[in-house]
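Alright, structures below, take your time with them.
Common to both upcoming complexes is subunit A, partnered first by subunit B, then by subunit C.
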Partner chain A sequence: MVFRTRRLAVASVAALAATALVAGCATGSGGSSTSGAKGDTLTLWTHNAGNSAELDVVKKIIKDFNGSQSTYKVELQAFPQSDYNNSVVAAASARKLPCLLDVDGPNVPNWAWGGYLAPIDVSGSEVPLSAQLPSTVGRYQGKVYAFGFYDVSLAFFARKSVLKEYGIRIPTLDKPWTKAEFDSALAKLKKSGKFPYPLEMGTGSLGEWYPYAYSPQLQSFGGDLIDRDGYQTASGTLDGKDAVEWATWFRSLVAKGYLSKKSGADPNKDFLAGKSALQWDGSWNAAKNAAKLGDDLAIIPPVDFGHGPKIGGASWQWAMSSTCSNKAGAQAWLKFARQTKYFVDYAEATGTIPATDAAAQQVDGYQPGGKFSVFTRFAREYAVVRPVTPAYPYISTEFQKAVQDILAGADPEKALGQATKDIDTNLKTNRY
Partner chain B sequence: MTTLTAARERPRPVRRTRKTHARRREGLTALGMAAPAVVLLIVFVVVPLALTFALAFTDARLISPTPARFVGLDNFTRLFQDPVFFKSLRNTAYFAAVVVPLQGGLALVLALLVNAKVRGVNFFRTVYFLPVVTSMVVVSLLWTFLYRQDGLVNHVLSALTLGHVEGRDWLGDPATAMPAIILMSVWQGVGFHMIIWLAGLQTIPAELYEAADLDGATRWHRFRHVTWPGLRATRTFVLITITIQALGLFTQINVMTEGGPLDSTTTVVYQAMRTGYEQQQTAYAASISLVFFVLVLAVSLVQRFLTREKD
Partner chain C sequence: MTSYLRFFAGHVGRVVLALVFALPLVFMLVSSFKPDDQIFGDLGSLRAFLPVGALSLDNYTGVFERVPAARFLLNSVLISSITVVLGVIVNSLAAFALSRMRWPGRKLVLTAVIATLIVPFETFALPLVWWINQLPLLRVNGFHLEWTTGWMDTYQVQILPLVANAFSIFFFHQYFQSIPKEIDEAAIVDGAGWFTIYRRIVMPLSGPAVATVAILTFLPAWNSYLWPLMVVQSEELRPVMVGLSYFFQLNVSWGQIMAYSSMITVPILALFVAFQRSFVNSIASTGVKG
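Moving on to the complex of A and B:
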């Protein structure tokens, strides 16, 4: 009896340790278990907790879907954006992914490669994929893994009155600013003494903002984050002549006092308060700026640094997990959601660019000729999606660090060189 | 004869069984008592440590469709060519070398002050202890605001010197970022060790002080020959806890500087977290942790040797 109890105790401790070991080791290897649905009740994850406008649209689509048929039922779980990616990675390791989830555009290749996502087939839905802005469809290796209802665009915001006062030309889509024009505009604004830092580019917001906002400028100089031919190396691209030129210019903005190396907590508020003259920002703030400044607001296309104006593409998109136990139900929801009215709802709720022309017709300001319709043209003509490679999350962190170092005064060539070296090592060890 | 011997020897085995039985029950109780702690230790210390050892020699990643492969010493060769790793090591050593004497010493001074028998001493004890019970994340966020170019620190400096000293962006300058974090960390942690010193001070018998007074000892002599030797055990404890805490520097860095500017505040633990989680390189992070484990072990052994019972 006694021996048995002791043996039991020893055995259970050993078993516990073994289970923990196995559970810990199991991450990463393939498996056949499924999750995300109980029969015909499907779970859906979104990053929108704390963003009620967008969350309400998701809730509405789910409610309509659940009401439209009686086979499937979708249940919502919302996460705060800051924890969302970590939650998905953790859930994937524990094989507890939901059936439906949203994913930030640049992460689609990484998650598809990692086996989190399954290709989707949405043919036969009301809105065909071909009607969407290309940047709103998440593809990897020729397959569609995700689609979004909207995209966002980058632009400079300024006050027309301020530009006129200093004799600065207001650029148009057909004739954007050149580098020389932009530099002289900044010099004039700085000389006025009215703006401690005339240019505001949100240097205080770390994270994905850095590659989203600054890599288009790098691309306009002729550089890029990685050689997009095969995605096998960054050398010659991220540390090439053009890239170093960009970095040197970027550093000079700080050195000349045009740009704060660490902007305030709310750059848009500072711009609206008149602390900065030019703000490089996302289209999501356009409506707020227009409401405050009215006709004085100038929405300025990105500067052409030599290789045409560029902006980043791809925002949050919807996808289906590869472990989903009810793929038919998940596909049904994805197809159902692809109705023009939801594209309209999304764009209106979030102040973003509708992904289709049909939806744009119905969104205030985004109709052809509307005051925000320029954003649709930016997205169509200037958008470059972030590198479509599973290495993107790594490239992103390396670029963030390089830019931060350059802002802090590092030698541009050395900072980019180190980032390139690290990225190349990563590409080599991972054999993507 | 035989029966007699048999009769004489008979009770013995019975007694022995009873004894072993009791001992067995005792052992079982001990095992039961230890079980919760043992299980927790195995799950949260032994298993992760074993995993770290194993993973460091593979190419495991956080997100990957292929299972991890054994790659030998690849991670370590990479590690010893990584300039950021050496900066992390240097910063961690710098932080520990300043914080350990500073925080330990300041805590002792505060403990001596609040050990005085005057009125309102509990008020001061509470005030010094307050930062300890505040979350490090909250403290770090607050100090980030204080240290800004237009923050309170610079306003106070400017007011005190009548505008002669113009402050800087303390966390944005590679020369001042680490000292700024050290100052904040000491402020936050000093209360805890003050309480430990205080506990040590109160174990010193009052008779020793009375005897010293009768012998006409000065305050310094009293401290040097009564207080200081009386704090032997406490000293070891304070030294070891501050060292461990300082070597594990992470939260402040993560919240306040993210290792910048120009790697002036990156630490080993921060780098391990960044490579392992943000950059998804589980195996590389494991090798960083493994090297760090060996270094910390060496430091602890040296400390253990220096603070050993000398008799």
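Moving on to the complex of A and C:
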């Protein structure tokens, strides 16, 4: 018994010592307010793990930068895109953010507001910010937090031969389809019996695709995700008359059998296989479509539903963390990266729209008059950036839920009303 | 004749049920040898489940070119195995104390442990990240050891938070209850201490429970996705499930996804087949259904 008591005492002391050790160290460097660099070796995070095309460009810039000078060294850590944001949020909460990171354009205001990002100064770099497409520069409250090398654009893809066969006008930039024309085209295509669902809009894809793809149509109807005058309420814009009209029309696409409630796993494959006649998709699939369909491919501007054709703006951009312990090194990398040749490399590798005219001149298909140059005009003339507010991630989630409900048959007015109510509550609670 | 018909109908029913569960796995395995176009082309017919057409190992080659699959597999085997071993030890010890030893408040503690089952991991994932970032860490730096703080980006951060498990404790507790307590009393009379009773008597009698907890601990450790994604930044430390998300980028290759999925499913199937008998016995004897 004495032996057992002694063992218990030893164990208790050991446990106490371990607890004390943990507690003692908890006040140590874990509370450090800087991260992302060990001396002049900086860490860089990107969302491109598994996407070798874009990842190779990032690697090339890093290699060139590391070889161009002897002061700083940048090390790469690549994450899969699907939950990249979760990794960043977790790292931010643990104060373990890297010095350099990429960020999806619509998230820049939220991450800036949340204190993840620091404003950047890239003056003096080869490419001035003023030369970029406006949607490729991430700003918040008048400061620049990020810049991107490319943007993407939405468009309808179709086969010219199919449109011709059913007497459907091929729209142009100067004369896009009106709502009546679009509805009539869908009716004709459905009536042909050749397409189970003539329109493909990626309804099976979740996440940011929903606000990116569908909120421009809402905006073309006259609604919006939030009242952009002060960004203090969604009331009147997301649940107003125009927004309800859009949602009712959107629901009718499913009801009339024009659009699948939930598209297949790979909508672009379905379009190329002829299962759908019209695909609302991103410019990133343009080269693949052109390779498969050749001159039969029609790249069609967005429909003018009454307030002009609209598409979403802003794609992935580069930023510097606020906790970076070597901001000079991070700025040096950002400035170094801003060379036209890298804007070209990015656009070529990813099939996206080069962010500057100088780069566009060098990218096949994007030169003035090139087969993909329309995308640059779409981005310049139709792009609407998603709301520049820290509340955007919440707005995005609420919009996704509302659209899902509407597709599933919910009353459009009620679904948008609920989303509006939730967004307004969130705005009030957080006092953005 | 009637009993023969009943026997035959029962067999047909079981075969149909087996096919329902097996066909998705067959589809995955067969598709892993087909090019993408053929996978989609075969979808509308029985060919989707048959190894026909242009079969090759191209998807498997592609997997190894796209992700460090061997490294991810090794990491998952390591993380899951250690989690299982520690999980069995820690949870059975806790259950032993709650089930066999008499001390005030043990029912309250058991209730509290069971109550934690209703708290989803996602709700405390972020606070846990903050907490593990405060823990002391002994690291090898070159040729010497150094104390640092924070467990982010390590193997142990992927193991230790998964070790203590309320369901495993409850499961062991239920199983231990079925072992007669008179055995403990006899052992105490013979001079055995509690740890000897645990190690020499209770655990050797709890083989099925150990097998079940091993499987139930292995599965979430193997399938772990959100947690490693949040706490591990270095590619060389990532497990297989994080690797799966590498394939869901632009221009998804479904053949490669099927190949990778086949590679990471085989160890799970092997484990289940190895412990199948014990697993079923144990579930039946404890009356606990997962």
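Quick note on the criterion: the second predicted complex is superposed on the first by the 400 of 432 C-alpha atoms of A that agree within 3 Å, B and C clash if a C-alpha of one lies under 4 Å from a C-alpha of the other, contacts with A are read in each partner's own complex, and residues count from 1 in each chain.
Convention: a residue touches a chain if its C-beta (ideal position, glycine included) is under 8 Å from a C-beta of that chain, and two chains touch if they have at least 3 such contacts.
The shown structure was predicted, so the numbers you read here are calculated from the model rather than taken from an experiment.
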Practice task
Tell me which partner A:266 touches in the superposition: subunit B (first), subunit C (second), both or neither.
Solution key: second
Exercise for the section: State whether A:49 touches subunit B only (first), subunit C only (second), both chains, or neither. Expected result: second
Exercise for the section: Please work out whether A:410 is in contact with subunit B alone, subunit C alone, both, or neither, and reply first, second, both or neither. Expected result: first
Handout entry: Partner chain in contact with A:130 - subunit B first, subunit C second, else both or neither
Key = neither
Exercise for the section: Once the structures are superposed on A, label A:394 by its partner contacts, choosing first (subunit B), second (subunit C), both or neither. Expected result: first
Exercise for the section: Identify the partner contact of A:83: answer first if only subunit B is touched, second if only subunit C is, both if each is, neither if none is. Expected result: second
Practice task
Based on the superposed arrangement, let me know which partner A:110 touches: subunit B (first), subunit C (second), both, or neither?
Solution key: first
Practice task
Take the contacts of subunit A with subunit B and those with subunit C, and give the residues found in both.
Solution key: 21, 24-25, 28-30, 86, 89, 93
Exercise for the section: Show which residues of subunit A lie in contact with subunit C when the two form their complex. Expected result: 4, 21-22, 24-26, 28-31, 43, 45, 48-53, 77-83, 86-87, 89-91, 93-96, 98, 265-266, 269, 273, 284, 288, 350
Exercise for the section: In the complex, go through subunit A and note every residue touching subunit B. Expected result: 2, 5-6, 9, 13, 16-17, 20-21, 24-25, 27-30, 86, 89, 92-93, 110-111, 113-116, 206, 261-262, 390, 393-394, 397-398, 401, 404-405, 408-410, 418, 425-426, 429-430
Fill in the blank from the handout: As the complex stands, subunit B meets subunit A at residues 21, 24-25, 27-28, 31-32, 35, 38-39, 42-43, 46-48, 50-51, 59-68, 74, 78, 83, 169, 172, 174, 258-263, 274, 277-281
Handout entry: Footprint of subunit A on subunit C - complex, ascending
Key = 36, 40, 66-67, 125-126, 129-130, 132-136, 147-150, 152, 193, 225-226, 229-231, 233-235, 242, 245-252, 254
